[in-house]
Every structure is written in C-alpha cells, then in structure tokens.
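Look at the two complexes coming up: chain A is in both, with chain B in one and chain C in the other.
And now, the complex of A and B:
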C-alpha cells in the first residue's frame, strides 16, 4: 500500500517536471499531496499514534484543498495559462529528474527507508522547478514540492511533539501564501510575472 | 514569570496596530513596549551575573550567558530602532509615500519580527529555533518589499526564494541530526541542554552530513559568502530601520543558532574538523565582501557588504576557537550591532533628505547636514575598527587568536582584507562628507535636526561599552566564552 503511494508521488513529480500548463501542474501537485496525506493516515492506522493523523489532516486541508484553490483563483485573475519559454526544455527536464531519482535511490541503496529516498528525489525536482522556470507561480509550486519532501522526511525520521509539527506545516503554508500575495504585487508593478523582468538590481 | 510578562508585552505590541486607528498610538506603544522589554532583559542579566542557567516551562525556555548576550543586542537595538521608526513612518505618511493603513501594517510586522527574534534567543528546543528563523523570513519578506516598487519587489522575491530553500535545507539537516541519536527519551531529544550533556552519538557519518547541511542552510540566512547573494539587495532596498534591525541583529542570531549546533558536536571524537567550516566560510565572506566594497556606487549596498564582512569576522573568530579569539568574536557581534545600526540609520536620514542612494550625487555633507555628517564619520570609525572604539580590540583579539593557534596564512589574509575595507570606507565617506564641487553653493538642509536622538543613543551605547569593558561587560562575555570553550 505504502509502496504504491510512494510510486504515485514519484510518478506525479516526474509528470510535473515537464508540463507547461499551470492547471495540469496544480493537478499533479494535488495528487502528490493527497498521496502523502494517505501515507500519513496509513501509518497512523498501523501504529495507532495520534500525531500521524494530525499530520495527515493538516496536509490534506492545506495542500489538497486550500493551496490549489488559491492557485487556480490567481491563475484565472492573472490570465496565465502556461509557461511560455522554459529555461531548461521539457525533454531535458525529464532527463534531469530521472537522473535525480536515480542518484537519490542509488546513493542510499543500502538503506531500506524508502521515504528518505523519495524525499530527496522531491527536493531535487522542487529545486529544479524553482531554478529552471521563469514564471513566479511555477517557482512557488516548486517550493511547495520541496515542502512535500520535508513532510516525507518528517514522517520517516522522528517523533516530534504535535505543536512543533503543526508549526512546521503551518509556516510552510504561510510562506506559500506570502509568495502568492507577492505574485499579485509583482503582476501589478511589472505587468507580468516573468522573472525575466527582474534585472534592475545588479552589481 | 519573566517569560509570561514578555509574552503579554509582545501580544500588546502586535495587537495595537490592528485595533487602534491612530498611527501615533501604535508608535508610542511600540516604544514603551520595547523599553519595558529592555528592562526585563536587564533584570535577567543581573540574575545571571555569576554564570549558570535559568529554566522555564519544563525546559522549553532556557537562558544562559550566551543567550543573554543575544537578548541584550536584540532588546537594545529594538529600543533604538523603534524610536527611529516613529519619526520615519510619520514622515513617510506626511509625504504621501505610504498610506496610514500601511504604516500600521509596518508596526504589526516589525513587532512580530522582534517577537520571533526574542523567541529564537530564548528557546531551548532545536526545532523551535528553526521555527523562529522561518518566522523571521515570513515577517521580513513584506518589510523588504514594503515600498512596493520594482526594486524592492525584486529583492523581496529573491530573498524569499533563496532563504526558503536555504532554511529548508537547514531543516533537513536538523531532522537527520536528531535521527542520529535514535534510542533516547523522546521527550528530551529535542532539548539543546539535554543534547549538549549527552554526546553518545550513534552514527558519526550522519552527524557530519547533518551539520554541513545545517551550516550551509542556516548560513544562507546568516549571510555567509557564497550564499550571501540575497543580502546586498535586501538590505539596500528595505526601509532603513528594517535594514538596521536585520544586519545588526538577524545575521548575528542566525550565526548563534549554528553555534548552538556546533557546541553539541564539538567534543565528539572524529568531528574536530567541523571548525574549518567556520574558518573557510568566514575567510570567503571576508575576501568577497572586501573586494566588493571597493567598487560600490550605492552607499546602502556598501553598508550591506560590510555586514557580510563583519559576519565573516565573527565566524572566523568562533572557528579559530582559542579563548581570546572567541572573546573577540562575541565582543565584535555586540559592537557590530550598534555600529551598523548607527550607520544604517544615518544613511536613512541622508536618503530621506537627498532622495538618492548614489554615492556620486552626495557632496559636502559637512555643510549641508553637519550633525548627520559627524555621526556618519563616527560610525565609520567604529565599524572599521579605529583604535579608541571597542571594534579595534575585538578585531585585534581575533588576530592574536589566529597567531596563537599558528594559522599564519589566515592572519595575513584577515589583516589584508581589513585594510582593504578600511581603504574602501575611507574613500567613500571622505568623498561624501568633505568633497567640494567647484562652483557649487551648499545650503544647510532643514531636515538635518530630525531624528538624531536614536543616532546619539547608538553612539552613547558604544561609548558606555568601551568604558565598562574591564568590569561588567567583560565578565559577562567571559561567562559566554566559558560555555563555548569548555
């Protein structure tokens, strides 16, 4: 069950790395976060510990319901459909994510903890989206994927108290929200959300 | 008891801008609140005069001599900056640069920012320290983009992207770090005071990876080169009081969090080489910033690069690790906080009078704004380490430390970079203050007298610091040094 869900996470992240339409990207993100939420539920069911349930609930509420709503709303308002020119094209992005996953699984092939391997793959893909895309909204989605990787790490590594765990998830959400608000400001001031137009500040 | 009072004070300070409609009330409450916070911190200092530590709430809050130094910096700079902010925000509203509502938003964010800073310095839980650092990212993102123009939004976006990746890497490091201590009590595992007393680590290799990730991740927030690229933009585009607060306090505090992790693993056999992380990153910051200082055309960017340089000096001192060098590093973090605030606030005054950040547009400041010109020169002498001021002693102690441990190449590199910085600063500030363009008449600007009280307070604190060096202050720093070195 958990292996199948981890596979869904990996496949969705490969899919997201090459897609241009922001709606499809958001769809992939919803799938991924739902899979993470279900993993946390399953772990909670198996071990009977409350904090897994809390994490699952928080992930599903914030990342499956609230964040996609906000992103879809802003996509409609800002009238952006797709990423026009990619800094790294779709083909190369697929190859990069593929190598990233291979590196993550190859380096840690002695460890039996699949969560960590998947988490590292998600970090690589998230950072790739943040670096190789021009639209600010895609960069924000990249950050959210990175955040999902952190949640996987949290699930597998330690038991933290409920307040601390909630704090980490809540601050991730707040940061994404702030990015969303800033995207609106950027759109108002620059008339686009292409980060190409960021060229005023140089040495 | 003290923690509860501090919590209530911050609750009042953050809620007032949301409730009251009058901007003046928010400003006054912020000033009064910051003064009471300083009072409480001074009271705690007297409790900890002989060393030792205080615990509150089941060891969630833990105060020792090291955190006392950080608390002192935060509380005193907070007082100075809130006094400055009142006039600054009123001016901006009068000139219709910002609306009344945005002014209140400023106070809300600013107080929240200070709350997170205090939280980092007070807490004992290592993940809570991370939460505090992330909180400072949340609050300062809007403060940097406060003027909502092209430059400030660009720098704020850069800041968010770089620092969120950095701090995410830091969290990964912390999670791996905690995991390397597996079979221990789950209630105790996140407490710093517990970890530092129980160095029985399961997996040395994991700890090595974890500490490197923590150093690089949180070092991004501390502005160590080569992760400093967000810093010059963010510090030069944010409102001057915020730049003062960020470069004086926030950078220090991020380094303090790294130091806490370093203290845990310092005595573990097999991990002695971690001190080279501090030394190498410190030297890289020194070299990169000192060469950048020489070719700046914007005086706020110049000050921002100087912050990178000073953080490099502090990191180098901590890495060298002999008692005198650590003493110098801690003293330098104290002096740098006051000196850099003095310079940034003076720069803010000049900016609001001249409306330009370019060095070549400002001439003969001694005739147009004599009071600010004097403070500018004094601040420059403090920050570059000219003899009567305490920065001279702190930088000298670090040189002595490097010679004592036999790292002669580092001594040479360090002294060379300090010389370069001194030359760069002298060139720019002598030009700004004394340069007379032929055929131009310089008239005194009326705004010169405004907002000089916080500058005077900064300078008086530096003087007080150098007078009390031998008695009170040095015993305080010595207690902190004994935590780091023993």
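And now, the complex of A and C:
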C-alpha cells in the first residue's frame, strides 16, 4: 500500500518536471499531496499515534484543497496558463530528473527507509523546477514540491514534535498565499511574471 | 524444456477470441461516450466481409505487398504461442522475451515496408512516423526486459510469471515498471496519446496510413494481426506484472479460478484503455514524443531501484 503511494509520488513528480501547462502541473501537485496525506494516514493507522492523523488532515486540507484554489485563482487573474520558453526543454528536464533520482537513490542505498530517499528525490525535482523555469508561478510550484519532500523526510523520523509538523505545513500555506499576492504585484509592475524582466529597473 | 499440450490450447483460444475482445473494447468506448455502439461480434463480421472480397494490388507495388500481410499475420500468431495465458508452470518452455520482441519487430518492419511499397504519399508519411515512434519505444522494451531479468533472474516469460505469481506485496520499482510498460503498450499498438486507431484523416493517421493500399483478404490479415498484437501485449502485462491467481497446477478448480481471474484482469485492462482513449486527446507528433523521455526516466529509476536495493 505504502509502496504504491510512494510510486504515485515519484511518477507524478517525474511527470511534473516536464509539463508545460500550469493546470496540469497543479493537478500533479494535488495527486502528490493526496498520496502524502494517505501515507501519513496509513502510518497513523499502523502505529496508532495521533500526530500522524493530524499531519494527514493538515496536508489534505492545505495542499489538496486550499493551495490549488489559490493557484487557480491567480492563474485566472494573470491570464497566463502555460510556460512557453523553458530554460531546459522538456526532453532534457525528464532525463535530468531521472538521473537525479538515480543519483539520490544510489547515494542512499545503505538506508532502508524509502521515505528519506523519495524525499531527497523530491528535493532534486523541486530545485530543478525552481532553477530551470522562468515564470514565477512555476517556480512557486517547484518550491511546493520541495516542501512536499520535507514533509516526506520528516514522516520518516519517529521523534518529531507536533509543533514542527504544523510549522512546516503552515509555512507552505503562507508561502502559497504570499506568492499568490506577490505574483499579482510582479505582473502589475513589470507587465509579465517572467523573472528575466526583474533586471529592468523601474522608477 | 517441456511443452505442455495445455499451452497450445490456451494460445489457440487467444487467437480465436481476440476479435471478440476488441469488440468489447469498442463497446466500452461507445458506452463511455454515451451511444449504443455496434455489437461486440462486429470485428468478426468485418473480417468475414473482408475475407470474401478479392485482393487488388497496385501495379506499382512489388512482391513486398504480395507476401507482407501473410508474414505479418504469421509473426503475430507465433507470438501468441510464446506466452502463458492462464496456466503456467515451473518448467521452462519456449517463451523467451527477446524472441517475442523480435517477432514484433518483424511485424513492424513489414508494416513499414508495405507503407513504402505502394509509393503513395500517405504510406511514406505513415511509415516515417511509425518508425519515429518505434525508435523511441524500442529502448523502453529493452529496459523492461532488463528489469524483469534482474527481478527474476530469467528471460523466460513462463518462469517469470510463475515466480511473480507467488509475490503478494510488490515493491515500488515493480509498480514503476508496470506504468512504463502500459505507456509502451499504448505506443506500440498505435493507441491514443500517440495515434488514433479510428481515424482516416490523412494528417493524423499513422498505422492506418500504412495499410491504406491494402484491400480484401490482405486487409483482413493485417487487421486480425493488429487485434492479436494488442491482446498479446495486454497478456504480457498481466502475466509479468500482475500474475496473482494464475493457475500453476493442472487441476480443474485451479484452471477455472485462473481463467476467471484472468478474464477479470483482462476486462479491467481493456476498461483502462477505453477510459484513456475517451478522456485524452491525441497529442501532436513531437509533443507525443515528449512522453518517451519521461518514460525512459521511469525505466531508469525502476532499474536503479531494483539493482541497487
């Protein structure tokens, strides 16, 4: 069960690394977050600890329901629904992602915890999306994938206090809210959300 | 090496029943789209109609068009005898995965040659597209064969399905390889994200463009071989990746249970294809080719996971 959910996370992250339309990117993110929530739920069911349930509930509420709403709202407001010029094209992104996951799993072959390995794979994919894309909204989604990796990473640690878990989840939520507003203002100031145009100075 | 008589019977069943399964697939698509659709026996009627007609061959075409369709049908029927269907056993039999792969390569190369042979524009275009997609799909098959070899230490498909039928909880890499193989099936059989099997619009067709010049019994052979090919690929998927419940002893109850589970799994696979074909749109040729690097990345990840861990 958990293995199948981890598979969904890996496949959705590889899919997200090359897709252009923001709607599909958001869809992949929803799938990934739902899988993480279900993993936390299953772990809570197996171990009987309450904080897993809380984490599952928080993940599903913030990442499956609220964040897609914020992203869709800002996409509708900006009238930008796809990323046309990529710094690394889709072909190379997919191959880079595959190689990155390969290196992550290869370096960590001593550890028998699949959560840590998948978490580090998600770090790599998130960083790739942040570096190789030009639109600010795609970079934000890259950061959210990175943040999913952090959640998976800390699921694997048994002694994690509840405050830190809640902190991680709310940090992601605040990021989505703030970036939603920020991207709108960036668009208003520079007439685009392409991060290249930040170099142009304006009075 | 021991060839059981039962292997022969179950393979004959596949050859005979594959048009029925395609009819079920078409019926499922019709129901999902909200119309009644033709009877599930319609592919048999089509084949009967085509076999009654004579064959007309363009006077520009060479011997390739004369012998091509029958070679295609022969190679496809051969593959049906190399796979376990709902019974497998410990003993190794003829079922090497490489033989299967190269038998499908024969089918592919003759289809491409038939497209080029009649010197029509559509045929050449379809052939070049088919070769382009096949070029990308070929490494995937090699990745998957490598994966299955590392997993079970064998190339024999009967043995692979016997070993995998004892496993209940599969690992992560097994699921990843399964998804890779599903995309590979869609690419090799000209299904929807890559090619639309229903259309005859010249800009979008690939598989249909190559056989546009065939008629009568030749067309019937090629159509039947494409039906069998899809079913054989689905059976490879079922018996290599989800072989739980396959009969491993020759008793009546085990065979009956194996047959029942097999039919359920096959109908489930057909329903999956029907859902994919009704919800997805056919992607542009070069956009469709972008799916392959993703799939190759999945294959790399699967092999890394099973080899390192």
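The definition used in the following text is that the second predicted complex is superposed on the first by the 198 of 203 C-alpha atoms of A that agree within 3 Å, B and C clash if a C-alpha of one lies under 4 Å from a C-alpha of the other, contacts with A are read in each partner's own complex, and residues count from 1 in each chain.
Criterion: a residue touches a chain if its C-beta (ideal position, glycine included) is under 8 Å from a C-beta of that chain, and two chains touch if they have at least 3 such contacts.
All values reported here derive from a predicted model rather than from experimental measurement.
**Student:** Mind checking the superposed model to see whether chain B and chain C fit together on chain A or clash?
**Tutor:** fit
**Student:** If you stack the two complexes on chain A, which partner ends up touching A:182: first (chain B), second (chain C), both, or neither?
**Tutor:** A:182: touches chain B, not chain C.
**Student:** Which of the two partners, first being chain B and second being chain C, lies in contact with A:190: first, second, both, or neither?
**Tutor:** In the superposed model, A:190 contacts chain B only, not chain C.
**Student:** Could you tell me if A:168 is touching chain B, chain C, both of them or neither one (first, second, both, neither)?
**Tutor:** In the superposed model, A:168 contacts chain B only, not chain C.
**Student:** Under the superposition described above, what is the C-alpha centre angle at chain A formed with chain B and chain C, rounded in steps of 10 degrees?
**Tutor:** 160
**Student:** With both complexes overlaid on chain A, does A:130 touch chain B (first), chain C (second), both or neither?
**Tutor:** Touch partner of A:130: chain B, not chain C.
**Student:** Who does A:15 touch here: chain B (first), chain C (second), both, or neither?
**Tutor:** second
**Student:** Touching A:6 in the superposition: chain B (first), chain C (second), both, neither?
**Tutor:** A:6 sits against chain C, while chain B stays out of touch.
**Student:** In this superposition, which partner touches a larger number of chain A residues, chain B or chain C?
**Tutor:** B
**Student:** With both complexes overlaid on chain A, does A:98 touch chain B (first), chain C (second), both or neither?
**Tutor:** second
**Student:** Applying the touch criterion given at the start, work out whether A:29 contacts chain B, chain C, both or neither, answering first, second, both or neither.
**Tutor:** neither
**Student:** Once the two complexes are aligned on their shared chain, state how close chain B comes to chain C by Cα atoms, in whole Å.
**Tutor:** Scanning every C-alpha pair, the shortest chain B to chain C distance is 20 Å.
**Student:** Go through chain A and flag every residue that touches chain B in one model and chain C in the other.
**Tutor:** none
**Student:** Could you pull out which chain A residues touch chain C in their complex?
**Tutor:** Residues 3-4, 6-7, 10-11, 14-15, 17-18, 90-91, 94-95, 97-99, 101-102, 105-106, 109, 114.
**Student:** Using the touch definition up top, name the residues of chain C that touch chain A in the complex.
**Tutor:** 169-172, 175-176, 179, 290, 293-294, 296-298, 300-301, 304-305, 308-309
**Student:** Can you name the residues of chain A that touch chain B in the complex?
**Tutor:** Chain A reaches chain B through residues 123, 127, 130, 136, 139, 143, 146-147, 150, 153-154, 157-161, 164, 167-168, 171, 174-175, 178-179, 182, 185-186, 189-190, 195, 198, 200-201, 203.
**Student:** Taking the touch rule as given, give the residues of chain B at its contact with chain A in the complex, in rising order.
**Tutor:** 125, 127-128, 130-131, 134-135, 137-138, 141-142, 145, 148-151, 153-158, 160-161, 164-165, 168, 171-172, 175-176, 178-179, 186, 189-190, 233, 237, 292, 295
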